[in-house]
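Heads up, the next two complexes both have chain A, just with different partners, chain B and then chain C.
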Partner chain A sequence: MMIIFMNSSDSEEEACNERTSLISADSPPAASYQDGLQAPEAAETQTYRKRRTGGSCSPSDADGGNSDSGIPVREIAVDDKEEELTLKYGAKHVIMLFVPVTLCMVVVVATIKSVRFYTEKNGQLIYTPFSEDTPSVGQRLLNSVLNTIIMISVIIVMTVFLVVLYKYRCYKFIHGWLILSSLMLLFLFTYIYLGEVLKTYNVAMDYLTLFFVIWNFGAVGMICIHWKGPLHLQQAYLIMISALMALVFIKYLPEWSAWVILGAISIYDLIAVLCPRGPLRMLVETAQERNEPIFPALIYSSAMVWTVGMAKQDAASRSLTQQTWDSAEDVREIHDNSAYVESEISEARSPAPTHPTTSLLEDLEEEERGVKLGLGDFIFYSVLVGKAAATASGDWNTTLACFVAILIGLCLTLLLLAVFKKALPALPISITFGLVFYFSTDNLVRPFMDTLASHQFYI
Partner chain B sequence: MTLAVFFGCSFIAFGPALGLCLFSVVREPLRVIILVAGAFFWLVSLLLSSLVWFIAVKASDPGDEPLQKGLLIFGVLFSVLLQEAFRFLYYKLLRKAIEGLVALSEDGCSPISIQQMAYVAGLGFGLMSGAFSMINLLADALGPGTVGIHGDSQLYFLTSAFMTMVMIFLHTFWGILFFHGCETQRWWEMVAVIFTHLIVSGLTFWNPLYLGSLIPSYLLMFATAAWAYVLSGGCTQNLLRSLQGQQSETSPQPGS
Partner chain C sequence: MNLERVPNEEKLNLCRKYYLGGFALLPFLWLVNVLWFCREAFLAPAYTEQPQIKSYVQRSAVGLLFWVVVLTTWVTIFQMHRARWGELGDYLSFTIPLGIP
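Entry: the complex of A and B
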C-alpha cells in the first residue's frame, strides 16, 4: 500500500531529525525536542539520516513505541560524533532496502515466469467485479476504472475503520484480525503456492509430507513474525509473504484494472499522507499522542532488534530504536486494512496480508541502526514488476526496466525524505517511474531493440 | 540451444563485468547506488532515442526496406549521441553529489572520488546496455531451436555474447575517459569517446561479417583500456608489479 514516510505529527514544530523523530514517536516532551539546538547540524545529518531512514519520522516512532523523551539530548551528543558516518550510513540504508525489495521481485518474477498458474485467468476478486472481457476498448477502460474506484473505496473504508478502531482502543480486535490474516497467508496461500510449484515441475508429494512441510513453515512463520525469531528468518518470511500477496494480486486483478489500480493507489497514498485530514496521518498522530506503537503489523526490519512487547513502556524509555520507520506504521495499517478487507469479504483466496509484527517493537541501543519498510510497498512494487513480467510480450527488457525504475524511485523517495523532512509517501515516485517505463519500454523500446537484434546492430 | 549455450553465452557476456562488480562495487553502498543510477540514465537515453526512432518509422512507409534500414542506422547513431549526452548529464549530477558529500563529511573529503564514480558510472551504463542487448537472447537460448536455420550465421549467440562483453568494457572505459575529460576540461577526450562509440556502433553494421566488427572493436577496447589506465594514474611499472604479485607502495592506486 502506501508507504508513508511520516514525520512526527509535530513536524511543524520541530525540525525532524531521524533521531528526534524516532525518539518522540508521540508528543515530544518539551525538553527532548531540542530540535532547535540540533537544527544546524541536524539539518545536514538529517538529509542523510532521512535518506537512510526513509521516513524515520513519526509513524515508526509511534510504532516502535519507543518514544523516548530522554533520548534527544543523548542523541544530540551522539550526532556530532556520528556525523561522518551518516553519509555511508545513508547509502547503506538505501542498500538495506534495495536488497529485500530486489529479492521479493526476483521471487515474484521467477514464479510468474515458471509457474503458469499465476498468469492464468481464473476469476476475479469481488473487489473488481467488472469483467474486462468486453470487445470494445471504451467499455474495457470504463470497467477497469470502475474496478479501481471500488477497490480504492474499499481500501479507504478499511483504513478509516482501522483508524476508528484504533481511536477507540479496540486493540484486541485489531490483533485478532491481524493474526487471522497472517494465519491465512502463511498456511493457505503457501499451500496453494507449493501445490502449483509441484505441479509445474511434476514432483509428487504425499499429503503427509505436505502437511509436515506446511505445518512447520507456517508455525515457524507465525512465531517469527509475531513473536521472536532470528532476524534473517523473519526477514525471509516477510519477503515470502509479500511475494505471495503480490502473486495473488497479479493473478486476480484483470490487466487494465491492475495498472489503473497501481496508479490510483499512488495518488491515494500521496493524498492520504500529505493532506492534514488524511487517515494515515491521523492514525500516526493518534499513536503519537498516546505514545504507543500503533499496532504490530507487517514491517520489514533490517536491523537486529530484540522484541519487546507491544505497548511496553520500558522499551519506550530505552534508547530509541534506530530504525527508521519508513512509514511502516502507516503502511502497515493501510495495508492491513486493504488486505484484511479482501480476505474477509472475498472468497477464501482473497489476499489476507498484513499480519502484525508485534515483535518489531524494538530498540537498539548500541546496535546498528536498521531500516524499516512497510510490506505494502514490497507488495505493490512486486505487483508492478510481476505484471510487467507476465504481460509484456515475453520481453525481459521491460521487466528489467521496471525493476531499475522502481529502485531509482525508492532512492529518490529516500532522498526527498531527507530534504523535506516530513511525511512523504513512498509509493508514488516508484510506481510512477515503473508505470512510465513499463509502457514506454513495451511500446517504444521493444520494437527498437528487436529490430536492432535482428540485424545485430549494437548501440 | 541448451543450458550449455545459455550459461556459456551469459558468462562470456557478463562474466567479466560481474567480476568487476563483485570485487569493486557491491561492498560499497554508495557505489551500488551510483551503478543503479547509471543504469537508469542509460535507460532514459534509450527510451528517448527509441521514441525518436519510433516516430520516424511510423511516419514513413513500412514497406520500403532501404528506407527502414536507413532509419535504423539513423536511430543507432542518434542513440549513441544521446547516450553520450546522458553520460555528460550524469557527470554533472555526480559532480553536484560530490559537493554534497564533501559538505556532509566531517573531514571535508568525499568518501568516493570522481574517478571511482566515473568507473562505476561507466560500469552501470555498460551493464544496462549489455543486459538490454543480451537478456532476450539468453532467454531464447534456453528454449528449443536451431541457430541460423534460415541461412543466417550460426555463430549468432556466440558473437552476440562477445560483442556484449566488449561493449560493457568499452562503456566502463568511456566513462573514465569522459569524466576525466570533463574534469580537466580536455574536450578532445570527450570527442574521442563520442567518436569511438560511433565507430564501434558503426562497425556492427557489418554484422554478420564478424571479422569486421568484432576484431576492430576488441582492438579499440584494448586501446581505450590502456588510455583509461594511464589517465587513472597507472603506469607500466605498476602493471608489471601487480602481475608479479608485488605491492607498489610509492605509486598511487590506479583509479583513485
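Entry: the complex of A and C
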C-alpha cells in the first residue's frame, strides 16, 4: 500500500487488489512528489487495493513564482512558508484520513460484535489450505507460517501479473477484471452480508424487496465507483466495500494465520513499495512515465481534484485493479455460502502506479489538496481491529488499543509522507503498532486490569 | 467528482444520464440525481442549461416518489400478511423470523 500525495485526484475507485499506498502529490515547484506506492493487494480476496493518499501542496505554485526573485531573504521566507504549508496540509490530510479509516473500522467492529456469522468458523479459503486444528503448538505455528507463505506468494504473483499487464497495455483486460471484481464485491458480498444481518435481527424479508435493494445498491455503486458520481457517495461506497472485504478476511482466515499474514503483508508492502525492483514501485514508475493516473478504482481520495484529462486514464487504472480482483475468484471455499472471497485476495496486491504529477499539473485547473489512500490499507487496518474485536479476551480494551495504534501509525506515515514527498507504504508502521498493542494489551494489560478490578484497587 | 469544476454541458449530460439510468428500476439513482443536482437546478444563478437540468431533477423526483409509494405499500402488505399467506409467504421470504410472533 502506498501513500501518495496527488495533485490531481483520481476518481477513487476501489481497488480491491491495490495495496495500500499513500501517495502525496505536490504540485509546487518541486518535482512531482507523486510516487505511487502500490502495495500489492492482499492476495486475499480482493484485488489490489491501492491506497494512495495524496496531498497536494498547492501553495507551491505561488511560492515558486516568488522564489524566482533570487533574494535570499525572500527565498528563505518562501521556503519557510512552503514548509509551513506542507506541514499544515499534512495535518489536514491526517484529519481527512481519520474519518474514513475510523468509519470503516467502526462498521467492521459493529458487525463483528453483533452478527455471529462473521466469527463462526466455517471453512477456509483455498489460499490457506493448512488447518490450524492441530493439537501441538509447534504444528499450529508451522501451519500458519505455511499459510502465510502461500498467501504472500499468491499476492506476489498477482502483483507481478498486474504489472506485466499494465506494462503491455492490456488495459481492456485489466478494466474488465476490475469491473468483475467490484461487481462481485458489490452484489454477492452485500447479499450475504444483508442476509446475515437480517437473520441476526430476526427480520422477515421477501425476495422481491431484497433483490430490488441489492440491485439499487450495487448498480449505483458501480456507477459511482467506475464512472462519475458525487464524491461523498463514492467515498461511502469505497468504505463499505473495504469493510465487506475485511469481514470476509476476518471470517475465513484462521486465527494464527491472520496475525502472521498481517505481519508478512506489512513487510511485503515495505519491500514492494520502496525497493527499486519492487512491483509496486515499477508500476508507479510506469504510470508516471506514461503520465497516467494510478488505478483510481483502488484508491480512496479524500478530496476531489477534477481534471478534464483524467477521465480516460481512470478507466485504465481501474481496469488494472479489477483484474487483480478477478483472478482471485477461482478460489472456492468449503462453506455453505461458497463465497468467492479467496480469489479476490490473490488478486490483491496490484501495484499502484504513481500518479504522474507532471501531466496532472498541466491538466489541472484547480487543485484541491487531497490525500489518497489505497483501499488495501483500509482493508488490513479493519482486519486487524476486527480480529482484535473478535478474538481478544479483553473485549473493548484491546479493540480500542488497536484502533488507537493504527491511527497513530497513520499519523506517523502521513508525517513521513510530508517529509519525503513520495509514495510510501501505509501498512508497516500502523500494522506494527497494531500488532504490538494487540499482543501486549491482550497478554499484559488485560490481566493487570482484571486483577486490579477484582481486588477493587483503583489507580 | 466536484460539480463546481464541470462545464455546464457536462452537468446537463450527467443529469440526463442519471435520469435515464433510473428507468432501469433504479430509484436510488433518481434519489442521487435529485440530491446532487438540486442545488444546481434551483439555487444556482441561472445559466443556459439550467431549465433542462431543473426539468430532469423534477422528473427524477416524481419517479422517486412513485417508487417510494410502491415499495412502502408492498413492504407493508408483506410484513403484515406474510404469516397468513402460508406457503406463498414462505416461498417469497428470504429470511423467516424465528420464534412466536
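By our rule, the second predicted complex is superposed on the first by the 298 of 459 C-alpha atoms of A that agree within 3 Å, B and C clash if a C-alpha of one lies under 4 Å from a C-alpha of the other, contacts with A are read in each partner's own complex, and residues count from 1 in each chain.
Quick note on the criterion: a contact is a pair of C-beta atoms (placed from the backbone, for glycine too) under 8 Å apart; a residue touches a chain by one contact, two chains touch by 3 or more.
Note that the structure is predicted; figures quoted are calculated from it, not measured.
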| item | value |
| --- | --- |
| First, second, both or neither for A:230, with chain B first and chain C second | second |
| Chain B versus chain C as contact partner of A:448, first or second or both or neither | first |
| First (chain B), second (chain C), both or neither touched by A:411 | first |
| Touching partner for A:395 - first (chain B), second (chain C), both, neither | first |
| Partner chain in contact with A:199 - chain B first, chain C second, else both or neither | second |
| First (chain B), second (chain C), both or neither touched by A:137 | neither |
| Superposed model, chain A: greater residue contact from chain B or chain C | B |
| Residues of chain A touching chain C in the complex | 11, 195, 198-199, 202-210, 212, 215-217, 219-220, 223, 228-231, 233-234, 304, 306, 365-366, 368 |
| Interface residues, chain A side, partner chain B - complex | 44-45, 47-48, 83-84, 86-88, 91-92, 94-95, 98, 394-397, 400-401, 404-405, 407-408, 411, 437, 440-441, 443-445, 447-453, 455-459 |
| Residues of chain B touching chain A in the complex | 28-30, 32-33, 36-37, 39-40, 43, 46-47, 49-51, 53-54, 57, 69, 72-73, 75-76, 79-80, 83, 101, 103-107, 111, 128-129, 131-133, 135-137, 139, 156, 159-160, 163, 167, 200-201, 204-205, 207-208 |
| Chain C residues within the chain A interface of the complex | 1-2, 5-6, 14, 21, 24-29, 32, 35-36, 71, 74-75, 78-79, 82, 92-99 |
